[in-house]
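For reference, the structure I am asking about is given below.
Each chain gets a letter, A, B, C, D and E, in the order it is written, and its residues are counted from 1.
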Amino acid sequence: MNNLIARAKELLENKIVQVIVGYEAGPTGVARPAFITNPAKADLLIYDERCVQNLAVYLTKPEVRNLGKMAIVATLPVMRSIMMLISEQQIFADNIIVLGVSSDGSLLDIADIKVMQAYIEKSDLGNPVKDRALLVELNKLSKEERFAYWQKELSKCIKCYACRQACPLCYCTRCTVEVNQPQWIPVQSNTHGNMEWHILRAMHLAGRCISCGECGRACPVGIPCHLLTMQLADEVHNYFKVYAGTSEKMSSVLSTFEPNDKESFII
Amino acid sequence: METSRKLIRKQSLEKLYNQLSATRKVYAPVIADDKQVEFKYNPGFAEVTFEHIRSTLSVKNIAFPKVENLFLYSNGKTESTITDIDLNKIPEVVLWGSHPCDNAAFDALRSIFEWDIKDEFFSKRMEKLVVIGLSCHLSDAYCFCTSVGLAPNSSKGSDILLSPLHNGDYQADILTEKGASIVNSFSELFESTSGEEVVLTTVKQKFDHEKVTSKLNGAFEHPFWVENSLRCIGCGACAYVCPTCACFDIQDETRGKNGKRYRSWDSCGFSMFTLHTSGHNPRNVQSARWRQRIMHKFSYMPDRNQSLGCVGCGRCSSGCPVDMNIAEQLEALQNI
Amino acid sequence: MKFGIYPGCSLTGSARDYNESVFALAEAFGLEFTQVPDWNCCGATAAHNLNKELSLALPARILALAEKNGLEEIIVPCAACYSRLVVTRHELKKDPELKNRISEVIEMDYRGTSKILNVIEWIDKYITPKLDEKLVKPFNYKVACYYGCLLVRPNKVLGYDRAEDPQTMDIVMRKIGAETIDYPSKTECCGAGLSISRTDIVSKLSGKIIEDAEHRGADAIIVACPMCHSNLDMRRPDINKYWKTDFKIPVLFVTQAIGLAIGLSPEKVGLKRHFVEVKIS
Amino acid sequence: MSDFEPKVVAFVCNWCTYAGADLTGTSRIKYASNVKIIRFPCTGRIDFMLLLKAFANGADGIIVSGCHPNDCHYTSGNFHAKRRWIMFKELMDFMGVDMNRITFSWVSAAEGAKWADVVNTTVTRLREMGPYVSYRDLVNKSVEEEVKNE
Amino acid sequence: MARIGVFVCHCGENISATVDCGKVAETIGKLKHVAYSTDYKYMCSDPGQTIIKDAIKEHNLTGVVVSACSPRMHEPTFRKACAEGGLNPFLCEMANLREHCSWVHEKNDLTTEKAIDIVRSQVEKVKLNSALQPIKVPVTRTALVIGGGIAGIQSALDIANCGHKVVMVERSPSIGGHMSQLSETFPTLDCSQCILTPRMVEVAQHPNITLYTYAEIESVEGFIGNFKVKIRKKAKSLDEKICTGCGLCTTKCPQKKIPNEFEQGMGMRPAIYIPFPQAVPNRPVIDREHCTYYIKGKCKVCEIVCPTKAIRFDQPDEILELEIGAIVVSTGFDIKHADFFPEYGYGKYKDIIDGLQFERLASASGPTTGAILRPSDGQVPKNIVFIACAGSRDPAKGIAYCSKICCMYTAKHAMLYKHKVHEGKAHVFYMDIRSGGKNYDEFVRRAIEEDHVNYIRGRVSTIYERDGKLIVKGVDTLLGAQPVEIVADMVVLATAGIASSGAEELAQKLHVSYDSHKFFAEAHPKLKPVETNTAGIFLAGACQNPKDIPDTVSQASGAAVKVAALFSQSELTREPLVAAVNRSGPPMYSTCVGCFLCQSVCPYQAIEREDFKTRDGKIIKTVAKINEGLCQGCGTCVALCRSKSIDLQGYSNNQVYAEVVALLNEY
């Protein structure tokens, strides 16, 4: 952590960046995003096991961008998000300094995108272990049981769209749910409409989800909606042998194809 | 009406609950499988919790449901017929065990829905609602009722307010006619007060809301808003869990020739909330929307509705995915 | 790593010379084999004409036994056995449902993990690298390498060498000092399966191969298949009778030739068991 | 259940399956009248949300059909569609939506008979499966949810 | 308010035999916004169309649904009728009651109900149709012809003679292509060069044609009428303006052992060379790969001997940028060589040659000045075997198609041989004789009957050499699969025609599709055989599939007409059924967020970037923009776009959604 603070101070003092996006401790003790613009305040930065939020979501937020060039404290999911955002032309590699942190909390030397790519490539890119277990459990259920499970979970959804807002890859300025010609997704919250929303969200993240689990964590009513995108991340790897967010030249699974893509259900 | 105070023994409380729930809809808090506290209709008494700090969602939906049909329509060849909603079908509901902050919120909502003209849906639901509140003997760091003029045992909004006693019995304050009528129907369950002491939590006052209100006047352009909303991701969680947020959207949903017009919860935190057809958006950045949220609750409502728009329940902060702590910010605001 | 060997019927019967030379080579190069325990007939050549499942189940059982006994590689000197095993692996890989059915038939789990090596692949992998240091008597003869059918066909399934004008055996032979001739009969039919029933056809076909090799000045024919060997060697009197000739060109297994080149005795590599006298040593 | 006639919506591309279905007509090959066709320029144009909307509006089954791989009028729309359906199918399976109610097929402009066959087998299968009660319940229940408090 | 007119056609009895057309019209007439609904015996007849035109005026219709046959049949008819009635043609939709209903179902209530559902969904759709205007695209009236073989030559001359400018690009040093290598041509046996060279000269001299030889396509951008093409003019290492083509350099060049491409490797050429005597342009080039100076840094003999001092060793490649309106691709074909055939010895036997090599042997200008001699020893072959279908029609070799020209040229070869070696014996192994074409079969019969060529129906399994002869082992299937063995002096393989090398790369540069054999793909196998899927790019000749000279020339002229038709007007009109990215006022500009995933999904490269900038030029937002000239309207981008910022005119989200809902709900 001291390395991190020192590096942050150095970056701010030398005016290499204008803002450090990192974590600080809130008044109730939870870790939360911090935007440090003054080197004197760099001491507020923390990094420990509480720091789970995917900070990459702020890379596309206009007011954060307005602060100037930024350095971002980046765990593996943040780095993968950065790769996706570069590949989808939302950010430029030159405008960001990556303060990589390894899983044990030590500061990594991420000099450039190539180094970051190398780091990502040697990391475990599957879903987080605890989520893998949940997925295994759900996949064991019968189709009817799964249908009932998701109905029950999604009936809780209040359509606050925290899942969408927390996701670094849901950066659209207008979401499909805000389209009303036609009204693809009902405005009101009801189980069926909620389900359509979550299907839409998962499909839009198919091949793009980097398995950070932020959507599920953000949900105020505790719907494990991250399992939907994570299941598809698994399937993307099964079918197409790729993990999202591994290269700045990543081509999206659903916008590319191979003539010999295998499937077994089209007659 | 004159308020009165009675005692109800623990066993009698169970009887009261069972008898109420045998004859009408009772909306009471339970702890769900996933540890979330939620209100349910007519759970068994054993399920009902008396030990919760706050439910995940507020109970405002009982008067202001997340979706409310306004009318139904049917399109004919040349003209459409409209069918009104039969408000008389709205059932009587007993809200059981909601805390003083949530109950006080009904007054804040009323100040909006019955401000100039009465919203008949809201009014009808309120008319059919009996609130049996429960004072707080638990609280956490997110609670700040004392900063907004309330307390763990505020009676505002309750028809009957139960307060736990040291020996496990409850003190019942009968506050309204509606409350009295329930007590009268089950008078055998109520006794005279015993003098036993009420167990109450203490909630530290974090700020002076009047000072906040006066500071806000003129703070519209203050850099505070940008600085303190950088981490806000613009979801609607705070508004949807808030007991006093009353914004709604109105939509038509047609299928075939039939359709309905309904209103459903909305949030001023959404980027598209104020988007004009022209493409202009007066609140085009999140800081403006965050400012609106605080201004509305602590400046505009006191000014126009003579009511604070906040009851200090702390849900918006505990439910926020990025720890936008409203009490912390209000505390800071009073010193800008 | 444990090497397995699947000898099949020929190597324990009519082609004991082949078997002896393979083991002699292995010994000379310090290699050890484990015979696939409880092995059975590979099904060649009759089974696949009669019953597809049987023709797959027989080799599948051999492969399953190899897997079960932890044999990561098995050498299959007989080209017919080699062909059956590889074809089976191919068929079962292609069709998982069939694989499950066959697994049920053989009452064993077949996964397809053991590697199958023919004799030349084995030589390439384990003998050739150390050949130079062991070479004492370069095989200074002009030879015609005869591949026959099963070593290289069906080429798409085996994926070994090339179906027309194969080269692997020639390369091995050149390594031990031989001059290999370019001749078109390399993969011509020897009469193979008609060995017992229609010896006249064998005489006709095998005779053509021998004539071609002799005509182009070969001193010996080199083979890697017991069936080729028996047709070219054991049937020689019939051939000479059929064609009214007196072909004397000897037929050696590739392993025998290597054996001689590294100084093993003719007896050691089984040369004494041949019908056509081998004057090479 | 024997009288049950499923409602089936077919999403087809203009160049292959729509033309194939035209050929079925020109060849006077009969098939079940349960299927109603919606024409798209290409399978690549078919939004997965439309399939959900068909179920939401009471379809018991769906057919999605376009040009065989390599035959796309637009060269690659069907390949993109294929990937989209792979993902969609996996997600639906995971959420417990019954994918046996959706037939995905490639029917060329020359395969009039195949079109009739695709329709008939789909309709026969759906007749056996019965109405899509669980999805319809989900939709209806959602309508009820709105009035839960009344 | 929408006022929709619905016109239900009986199609004689084709529809009304199973569908109650009156009931359909009546039921639909009750729908909201349906202002007029009627049925009629033949909607497509003149009186039928008049009903529509009159109703549009009388009821002031805002949309029309013609419920009749397949839109693939009569949509243009009814759209035209609507336009004549004063309604924008794109406000007309068709409900397919014939092919998709009456013809495929029995007569019963369900069929009529289905018909009603189909019409209703089209009514709901047409309410959301927009009045679209055809798209106008400006056209640059210069054509690019890629490849200077007979196909390119014919196309270029035809286009140029129509008065349009043509740029021809040929990658080798001379135009002429394979045709210039041929000896004589079937079925007339006239000299190939005699008929070709005047055309080559005409190309060089035509005022409308600019010729770039030794040049290749570097890149192609843009779209129909508006291509931007970069051409790489490879350095010829001499100044063409000064060079007189005297050829002294080519005779003095000390490096003379380079296999001559024009002679199919059967002769040698120097490093500075003119590919053949009649080459156009008749100027040498230096083959830098083999030139001693470029390899070792010294020599320069050519420079010394050149009387006009035209040699330029340091000449760089030149990149030209051209504005082009249409492109004709005529890059021709290659053939497989003998080394492709394991059973014929992997090319190791010198006397097994391919068809083009035989052409050179038989050519009076060839390495043997027309004498048929064995490459191995220069002897006259007494016994020659021709093998047709060498590689072609052989799925096991990965070439399932017929190369089309081999039957004819094999007959020609056998004839030429017999004419030159009277006592020789010619054998032809064939699978079938495919001699469809004017005077073609007569030609083959002549070979068999007059020149006594021995035709054997069967395949050759193997060829090997023995005692200096080639042993050809085959089978005669007309004699009951009798094995045949021929001891030959020479074998000529009529090897398969394959796509020209580099065809795949070129196709990718042009963004046109190609088949699994790398032949360019036509837009429709029957009705659009010269168009590609990319508008404005046309095909001529064997780059599409192997074809003979008459077919090639016909197609080349066809392509030329397509180009001329395109160039006949200064702008081009296209159907407006294309995608569009939405636009709105600032600060949003568009709901597009600029992820550009649509770019990779678009088969036509129709998606471009548009920047919105502040007055001082700072980019505020970059969003996608559809190039209407390129978009073909597949809509794949529409379904992919997450923010629904792209929509497809004619198949908009709103329209297809309405169709789904209308098909399934009561109205």
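Keep this in mind: a contact is a pair of C-beta atoms (placed from the backbone, for glycine too) under 8 Å apart; a residue touches a chain by one contact, two chains touch by 3 or more.
All values reported here derive from a predicted model rather than from experimental measurement.
By the document's definition of touch, subunit C and subunit E have no common neighbour.
Greatest Cα centroid separation from subunit A: this falls to C.
The chain with its Cα centre farthest from the Cα centre of subunit D is C. Taking each chain's centre as the mean of its C-alpha atoms, subunit B lies 87 Å from subunit C.
Averaging C-alpha coordinates per chain places the centre of subunit B 45 Å away from that of subunit D.
Centres computed as Cα averages put subunit D at a distance of 35 Å from subunit E.
Chain geometry summary: the mean Cα position of subunit C and that of subunit D are 56 Å apart. Shown for subunit B are the residues in touch with two or more other chains, namely 67, 255, 262. Of all residues in subunit E, those touching 2 or more other chains are 588, 601, 640, 653, 657, 661, 665, listed in ascending order. Residue numbers of subunit D whose C-beta contacts span two or more other chains: 48, 57, 70, 76, 80, 84, 145-146.
By the touch criterion given at the top, residues 30-32, 584-588, 661, 665-667 of subunit E touch subunit B in their complex.
Residues 588, 591, 593-598, 600-601, 622, 640, 642-645, 653-654, 657-658 of subunit E are the ones touching subunit A in the complex. In the complex of the two chains, the subunit D residues touching subunit E come out as 5, 7, 9, 14, 18-19, 21-26, 28-31, 33, 36-42, 44-48, 50, 53-54, 57-59, 70, 73-77, 80-81, 84, 116.
For subunit C in complex with subunit E, the touching residues are 162-165, 182-184, 212, 215. Remark: subunit A residues 138-139, 141, 143-151, 155, 176, 184, 188, 190-193, 195-196, 199-200, 202-203, 206-207, 228, 231-232, 235-236, 239-240, 253-259, 261, 263, 265-267 touch subunit D in the complex.
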